[in-house]
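Given below, in the form of structure tokens, are the structures.
Each of the two complexes below includes chain A, the first together with chain B, the second together with chain C.
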Partner chain A sequence: MDNIDTFIEKFITAVDFQEAVEITPDTILKDLPEWDSLAALGVIVLSDMEYGKTITGEHLKQVSTVNDLYQLLN
Partner chain B sequence: MSVVQDPFSLSGKRVLVTGASSGIGRQIAITCSQMGAQVVISGRNPERLQATAAALHGEGHIAITADLSQQEGIDQLVAVSDTLHGVVHAAGISKLVPFRLINKQHLTDIFDSNTFAPMLLTRGLLAKKRIAQNGSILFISALSSHSGALATSAYAASKSALLGAMRSLALEIAKQGMRVNCIAPGYVHTPMLDGLGQGGGNMDALFDLTPLGMGEPEDVAYASVFYLADASRWITRNYFILDGGLSTPMDIYA
Partner chain C sequence: MATSTLKNVRFAGMATCVPKHVIHNVNDVPPHLRSERERLVRNIGIETRRVCPDWQCFSDLAYDAADKLLNDLQWSRDEVDALIVVTQSPDYLVPATAIILQDRLGLAHSTIAFDVNLGCSSYPFALQIMGSMIASGAIKKGLILLGDRSSYKHKDPLKDPLFSDAGTATALEYKEGAPPMYFDLNSDGSGYKAIIVPVGGHRNPFQLEHGIARKGDDGFWRSDLDLILDGPAVISFSTQRVPPMVEKLLGYANIAKDEIDYFIFHQANRMINETIRKKLGLPEDKVPSTLREFGNTSGASLPVTVTVRLRDQLAAGKQRLLLCGFGVGLSWGGAIVDVEDAIFPQLIIS
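Entry: the complex of A and B
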């Protein structure tokens, strides 16, 4: 598993933010202005391709922060 | 009173159906058997394929477990197929991936299953003269091939590719009376679609847009029977959309 900083880099790539935004482990996903269904799908695919872990939209609804997401994939 | 052969019947025909272990392929196999065909079914999962075999109507059917993304699987299926009057390429896979995350592996996986396997299987069957004169070849494409749903670039491209392949192949084998067509279903209740929903797709809004609601595998199977039966003997190079009215406002041929 990547460390949290590497994970955040991959997270940023997967979501493909058009407006640069600072992401920390404490960032709350749904507070991100570009967090939408395609962004969520990007994270689901990232999880599958990079970490070999299958997650669903339901899993994503249950996590709040970027660190929660990191822990879910860990 | 003379006995008239029902042009919509599949009685006396042998039909190969790929992807018969689940979803649309499974139902096409079952419906074809109910309409009188002897079917050869193939799929990757032996248990599910046997479950389909057990649901077939009548006797004399053959079930072959094969992975058609591998040449050995194709060769195996060609070897056991006797003369076929119909072939339905229903095997396929789908995965939602935003374009920015696609890679060579993803494209290869999708195209191997959805495009290369049906083309190479057809080639193998034709090379061994396994398809009867006046036989009917049917590719199950998808509405996405034209409509390009969100995050389906690889899937949509793999299904559009079948359209071009079908049109060209149909020209080449028309002189043998063989016909080649595509059916393009919209949203149908299948394990594949359920998988997309679990994979992060928000499908409910799309279902609401379909005037007749979501389709069932039977709906695709009934259309397939028509394309396999002699009733459609003058239909080739056709791309038949079956979507409960979803795409009409899309102007998808623009």
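Entry: the complex of A and C
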């Protein structure tokens, strides 16, 4: 498993933000400008391809912060 | 019986027809939405789509494809023993579109004609159904008319960035000693809600209030007549189920990946297609794509891709294709087909 900084870099690529955003482990996903259905697809693919873990839309609804997501994939 | 082999069935030809009207996913939206659209296009990989005007149905595109293919094959109309229409965009709920097209194409009254209700996964299923009738010796020549007018569900064509329209025709015929076709076909109805038009059938008959659009949590206006697509469910299904199915089919046929000349996948979106390709470890040049120009044309995306990307290669000599469809149902399947000296007219634009 990557450390959280590496995970955050991959997360930023997966969500494909239009403008640079600062993300910390405590960032709340819903507060991000592009936390939408496309971002969800990006994170599902990231989880599958980088961490070998299958997550669903339901999993994503249950996590609040970037760190929660990191823990889910850990 | 998910896997099967058909013998003595020859792939004789394929024609593809798309509507004239092109919608650009970025340039045709209002300027204030373009940056958001550019992000979407980067990720789904679809720049332009072909969309039918109000008057044009899937069957009009399929008619043009079939007419051209029959002429180029030099098949007389009364030689066609069976006509199978595979669509989720029939002309009417009743009767079947295939029977209307039997008459419109001038085929004989002795033609077996019926519809099959499958979408994105349909191409390998259609080859298996028609191929089985031919392999049994019951019929000699068959025509599959397959495709959808997927864009109609959205009155505002700018709202939906994925779907595009196409009609296609595929000809199969009986030939002693033709190379075998291999299939692996699957269904999982527990996922039926992942891609659904919830109203208009017998479970929820249409009532006037169903036509009224309401604003959803995502800010888009939709009515109950619109297609609902659960993106996360579809991406999980596609990327989990398709790669093992392809491996299973290759194992069943005892064919190695490098013995397949081209892998043609349903064109869903770039994220899904790239994930499937990477999971299978396939090089980009063996996996042709038409997503950028033609979008997601449901089951027709396989013939669209073969017609647009592989005509020259197919004219040059024998090619072994692995054709794979997946989606609404949920339903997924693959076919391995050797194609040689078949007729492939240029893309028809109608």
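In this section, the second predicted complex is superposed on the first by the 74 of 74 C-alpha atoms of A that agree within 3 Å, B and C clash if a C-alpha of one lies under 4 Å from a C-alpha of the other, contacts with A are read in each partner's own complex, and residues count from 1 in each chain.
In this text, a residue touches a chain if its C-beta (ideal position, glycine included) is under 8 Å from a C-beta of that chain, and two chains touch if they have at least 3 such contacts.
Model, not experiment: these values are computed from the prediction.
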Once chain A of both complexes is superposed, is A:Asp16 in touch with chain B (first), chain C (second), both, or neither? both
First, second, both or neither for A:Leu38, with chain B first and chain C second: both
Pick one for A:Thr56: touches chain B only (first), chain C only (second), both, or neither. both
Give one of first, second, both or neither to describe whether A:Leu46 is in contact with chain B, with chain C, with both, or with none. first
By the touch definition above, which chain A residues appear in both interfaces, chain B in one complex and chain C in the other? 16, 37-38, 40-42, 44-45, 49, 56-57, 60
Help me check something: in the complex, which residues belonging to chain A touch chain B? 13-14, 16, 37-38, 40-42, 44-46, 49, 56-57, 60
Touching chain C in the complex, chain A uses residues 16, 18, 34, 36-38, 40-42, 44-45, 48-49, 54-57, 60
Sites on chain B touched by chain A in the complex: 96-98, 100-101, 103, 106, 150-151, 198-202
The answer for chain C against chain A in the complex is residues 35-36, 38-40, 42-44, 218, 230-233, 235-236, 239-240, 271, 275, 278-279
